[in-house]
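Some structures are shown below for you to check.
Common to both upcoming complexes is chain A, partnered first by chain B, then by chain C.
What follows is the complex of A and B.
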C-alpha cells in the first residue's frame, strides 16, 4: 500500500501533471445537457406559471405577466362547485392507493416467502421472471390490451355472458368503480414484481443469524416478521414507498390510453398529469400547465418529506432498536453454545 | 426413568410430524399463491397472442382459449395498414431507443469515471448534486421543455427524445457504484505509464471493464425509451416520425367498432414484442440489475 502511494506521488512529481482538468472535461457533457434539457426547462416551467400564454383557436393570447392568476384560476370552483385540480389530485391518489396497497402487501409476502429457508421455495427464478415481466411492458400497449379485453365485445364480457352471469355486456368504462379498479389492477400487475425483487434483496441484506437466533428463541413467524424483518427492512421499504408514490403522482399512460384521455366516467379517473397534458395538447396553455406542474412538484416534495419523516421515525423506534440489540445478543449466545 | 424418556421422544416425534405437516400445508398454500399470481401476470398476454391469431368474425363470435389459423393474415394486415404504419413506427422507436441507450450508457460511464478517478475542486458537490436531482419528477420540466423545443423548432425531431439521455442521474449512480466495486485505480496508473492519454484510456481500457454494467443499463434505457409515451406524444405529430406508443394511443382514439379486432391485437403484440424477446433472452441479468440498481442507494 505504502509503495503504491509512493509510486503515485513519484509519478506526479516526475511528470508534474495535474489530471484535475480531465475530471472537469469528463463531467462536462452531463452538466451541459442537464442544464439545457432539464434545468432550464424546469425554471421555464415555473416562469411560465406566472404568465397568461395560450392559443385560443388560431389566435395566440399573451404571453402577459399575470402574477398568481393561473394558480387562482386553478383553485376557483366551477359552476357546480368542484375545484378541478383538487378533484384530479384526489383521483390520482385513489387510483394510486388502490393499486399500491395490494402491491406492497403482496410484495412483502412474496419477499418473505422467497427468502425463507424453512419454506425453501423452488422455481424462484421462474416466478420472479414472470411477476417482473409486466413492469417492462409498454404501459400504453398494456392499457390498450386491457381496453380490448374489457370492452363491450371483448372476451371478458363474452365469457360472463356465455356463462349466464350477465344478460347483456357490462360496460366496464361507464362506471367509476370498474374503471378505477382496472387502472389499479394494471398498476398492481406492473409494479408488484419490481417491489418484490427490491424488498427481497433488502431482506437478504439482513444479518441471517438474527433470524436463526430468533427462531431458536421460539419466536413465531409473525413475531420474526414484525420484530426483526420489518424494522430492519424499513429504510428500503421507505425508499420503495416514496419512489412508488412519486411514480403514482405522475400516473399518466395507463388512465390516458385506457379512457382515451377522457378520464371517464365524468372525469373520475382523470389524473393530475392528464390535466397538465390536456392544457398542452388542446391549447398550448403553458401558463396553466406550468402552474399544474409546480403544484405537482410541491405535492411530491411535501408527501416525500412526510412519508420519509414518519416511516423513518418508526424505524428509529426504540422498540425496533431494542429488538435488534436483543436479537444480536441472542445470536452471540447461540454462537457460543 | 426409561419410560419417561421414551415418552419424551415419542412426544418430540409427534411434534415434529405436526410441524412437518404444517410446513407442507404452508408450502402448498405458498405455491398456490405464486401460481395464481403468475397466471394473473401472464393471462392477458396469452389472450393477446391467441386473439392475434383469430379473424375479426371469429373474435366477435365468442371467446376461445386456443389459437386459430389467422395469425399470418392478421400480421399481414397490420403490417400493411394504411393509417397506422407500424413497421415505420417500430423503426422510429428502434432508432430513438437504440440511440438513447448508447448515449446514456456511454456518457453516464464517462461522467462516473470523471467523478471516480480524478481529484478536482467541487467533486463532492458534483456527486451530491446529481444525487439530489435524481428524485425530481420529469413531468416538472415537461412544460418548459415542450415550449423550448417548439420555439427552437425541434418538435417533430428526435433530438429532444435522444440527447437528454446524456444526463441520466440514475444511470450515473449505477455506473459509479459499479466502478467502486470493480475498478482499481492502478489500471489507470498503468495506462498512464504506458503513455495512453486519459480519453483513450477510458475508451479502450475502462469501457470494456464496464461491459456488464453497460449492458444492464443499456437494456433498461432501451426499454424505457421504447415505452415512452408522454413527451413524444407532445412533440411529434408528423405521421412518418411517430413512435410506437403514439400509434397505439391513436389506435385507442380511432373508432374502435369499425376496426378489424384481429389486427388490433396484432398491433399490440408488435408493440411489445421487441421488449418481450429481449426479456425472455436476458431476464436473469435484467432481474439482477433491478436489485443492484436500487438497493445499494
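What follows is the complex of A and C.
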C-alpha cells in the first residue's frame, strides 16, 4: 500500500532523510543580513578611513586617497600636548567603570538574594519588573529627564536651596565630577536590572543540591558565594561583563543628550562615539570618522580578548571542571557526614 | 548544496531588486512645462513661519502642503536640508523641496549654490517696499533667490520698573541717553549690581550687538579670524561675569528665560521684533509675568539679529505658488498689517511700516505697554548693512559661545576654552585653518 502511494507521488524513494540542510537554510537569512548590513559596511569603514572625504558647506571635498593621514591626525597631540582620541578613550572608560562597578555589585547581590532558597523573597515578580523598568525608557528621554532635574533652575537645586543646604544653585554641568557621576548613575540605573536578570538565570542554572549540601556542611553565606556561586557563575558573569564593556565603549546616547553633545566641562564627559558623531554631523567627514571607528573596533577587540583570557580562562575548561568537581566533592562529603 | 546556492542567489537578487525599486526612477521631468504640482514641500526649523503661513496664506485648491521641520540646534536643520537637496535632482516631483527657510547666519551657503533658483524665472519681482539688505542677503551676484517676510533691526529691551530704580527714569529717550555707549552700559551695570540687579541674564546677551558690527568676516583666506568686535565682546563679558553683572546661562537658556518673570532681577535684553513672540513668553505669563513693564530703545550699538528668508528650491514644480507666497508676505499690505497687529512682527514692507510708525493710535500692548515698537525699530532698520557674512556663521557663533560659556562659568581657563573651540571648528569645518 505504502509503496503504491509513493510510486503515485513520483516514484522516488528516499533511502535516508537528511535534516542537515534545513539547518543551513534556517541560518542563511542571518548570514545574509550580517553580510549586507554589518560585514560589508565594516569593511567599507576601514576602506573609507584611508580617504580625505568631507563636505565644506555644500561642496564635496575628495574622496582622495591619503594613506594613514587620518590616523596620524587623530594621534597628533594638540598645543597642550593632549592626544584627543586618547583623552576621549579615557573619558569613556571612566564613565563606564563608574557605572559598571555598582552595576555588577548590586546586580550580583540582588541575583543572590532573589535565588536564595533560604531568603525565599516574596513578590519577586514585582521587584524584578521594577528594577528592569529604567531599561525600558529610552536613554535619550531618561537623559532629558536628568538634565531637567539637575539644571540650575531644576527641582533638585530648588529642593537643596529651600532646605538651606545651598544658598546658590549648584551648577551640576560645570564640574566634571558631577557630570560624570550623573552619567554613571544613569547608566547604572538603566542596566543593573538587566544584569540582575541575566545573573539570576545563571545562578538558577547551578545545581541547587550544591548550595543545600554546602549549607548543611556549615558553609556560611560568604563561603557559598565565593566557593560555589561565583566559580560556577563565571561563564555567565564573563559574558555579562564583556557585553557590558562593549556597550560601555560605545557609550553615546546618555552623555550626548545630557550634555547636548558638548561633553562639558572641557570635554571631560566626551566619549569616543560622540567624537565620531561630531565628524559625521556638519562636515560628513567619512575619513576621520572611519578612522575613529576602526580605533574603537581595535580597542574593543583587544579589551574583549584580555578580559576573556584573564577572567574566563581561570574557570573554564580544565579549571572550571576542577572547580565543579571540587564543589561536588564538598557536597558529597557533606552528604556522608 | 545546489539548492542552498540557488536560495542564496535568489535572496541576493531579491535584495537587489528591492534596493532598485526603492530608488526612484531617474527623472525625466526636469524640463516639465508649466504644469503645477500637487504637493508643496517646505523645509523649516521651527513652527514660527508655519503659523503665519497657515493663517495668512490661502493654499490653492488641490495642493497639499508638507512641512518638514528639523531643529536648528547644532546644525541639525542644515544637515537634513543638505541631504534632501542632494537628492533633489533624482527625487520624484512630489517629493522635491519647493521652498525652504534659511537664516541670516547661513543663507549665503544656499543662495550661492545651484539648489536655489532665480525668483525672476517664475516672474516674481522684488517690490521697492522691501528692505534693501533683505534682497542683498538673498542674492548671488545680483540674482535674487528668495525673500524675507520680516526685517530684523534689534533693540535694547529693558524692564521699566528696574530702569526706574537704577536710572531714575523709564522713558525710552532718557534711558537711551544713559546707555548709548558701552562705557555707559558698563557704568550702569555697576549701579544695577549695587542695587541687587543683573544687567543681562545671559553671558551671550550682547554677542549679536558686537558681532553685527564686525568689520571683517569669520574666515579670512581660509583661516579662522577673530574680529575686534568679537574680542571686545569677550573682554566685556569677562568683566561682566567677574563682577556679577550678568548670569552665565546661554541666550536660549531656561535660567535666562526665567528672568523675564515678574520676580526676575534682570534689566536688559536684546532682540528684534520676533523676540517678543519667540523668547518672551514668560514676560506675558498671566500669573508670573510682567507684561507692559517693558520698553525698547536702541542701546549702545545699532545691530540686527537673524531673520528668516524663504528660498525657492531649484526643481520646484509649484512655481506659481512660490510666486504667490513671496508676494503675499512682502507686498500684500493686508497680510503685512496683520503680521504687525496680530503677530508683533516687523514686516518687510516699508509702506506698512511707515503707516504704523506714524499712527499715534498704534502701540504694542501685549508686552510693551503701548509703546510704538514699529516706530522705534524703523529708526534702526535703515542702518542695517549686509556685509562680512560667511556660510559658517551659525555654527561658529554657536560654537564660540558654547566653548566660552565653560570659561565664564569658571570650569576652564580661557586658553582651554578657545582651544576647545578650535577643536570644534576642526571637526565641523575641516577646511578652516585654526590658530
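Quick note on the criterion: the second predicted complex is superposed on the first by the 282 of 337 C-alpha atoms of A that agree within 3 Å, B and C clash if a C-alpha of one lies under 4 Å from a C-alpha of the other, contacts with A are read in each partner's own complex, and residues count from 1 in each chain.
Keep this in mind: a residue touches a chain if its C-beta (ideal position, glycine included) is under 8 Å from a C-beta of that chain, and two chains touch if they have at least 3 such contacts.
Fair warning: this is a prediction, and the values are worked out from it, not measured in the lab.
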item	value
First (chain B), second (chain C), both or neither touched by A:25	both
Which superposed partner A:141 touches (first chain B, second chain C, both, neither)	first
Touched partner set for A:44, first chain B, second chain C, both or neither	first
A:236 touches, of chain B and chain C: first, second, both or neither?	first
Partner chain in contact with A:66 - chain B first, chain C second, else both or neither	neither
Chain B versus chain C as contact partner of A:151, first or second or both or neither	both
Contacts of A:281 with chain B and chain C, given as first, second, both or neither	both
Partner chain in contact with A:260 - chain B first, chain C second, else both or neither	both
Partner chain(s) touched by A:94 [first = chain B, second = chain C, both, neither]	neither
Overlap of the chain B and chain C footprints on chain A, listed as residue numbers	21, 24-25, 29, 151, 153, 260-261, 281
Complex contacts: residues of chain C adjacent to chain A	3-4, 7-8, 11-12, 15, 73-75, 78-79, 82, 85, 109-110, 113, 115, 249, 254-255, 258, 391-392, 395, 402, 406, 409-412, 416, 419-420, 423-424, 427-431
Partner chain B, residues of chain A touching it in the complex	4, 7-8, 11, 19-27, 29-31, 33-34, 37-38, 40-48, 106, 109-110, 113, 118-119, 121, 125, 127-134, 136-149, 151, 153, 155, 158-159, 162, 189, 192-194, 197-198, 200-202, 205, 236, 239, 243, 246, 249-250, 252-253, 256-257, 260-261, 273, 276-277, 280-281, 284, 286, 289-290, 293-294, 296-297, 300, 304
Chain A-touching residues of chain B, taken from the complex the two chains share	23, 26-27, 30-31, 33-34, 37-38, 40-42, 44-45, 47-48, 51, 59-60, 62-63, 107-108, 110-111, 113-115, 117-121, 123, 126, 130, 133, 135-148, 150, 160, 163-164, 166-167, 172, 186, 189, 192-193, 198-199, 202, 223, 226-227, 229-230, 233-234, 244-245, 248-249, 251-253, 256, 261, 264-265, 267-268, 271-272, 275-276, 279, 283-284, 286-287, 290-291, 294-295, 297
Contact footprint of chain C on chain A as seen in their complex	21, 24-25, 28-29, 32, 36, 54-58, 61, 78-80, 84, 151-153, 171, 174-176, 260-262, 264-267, 275, 278-279, 281-283, 285, 288
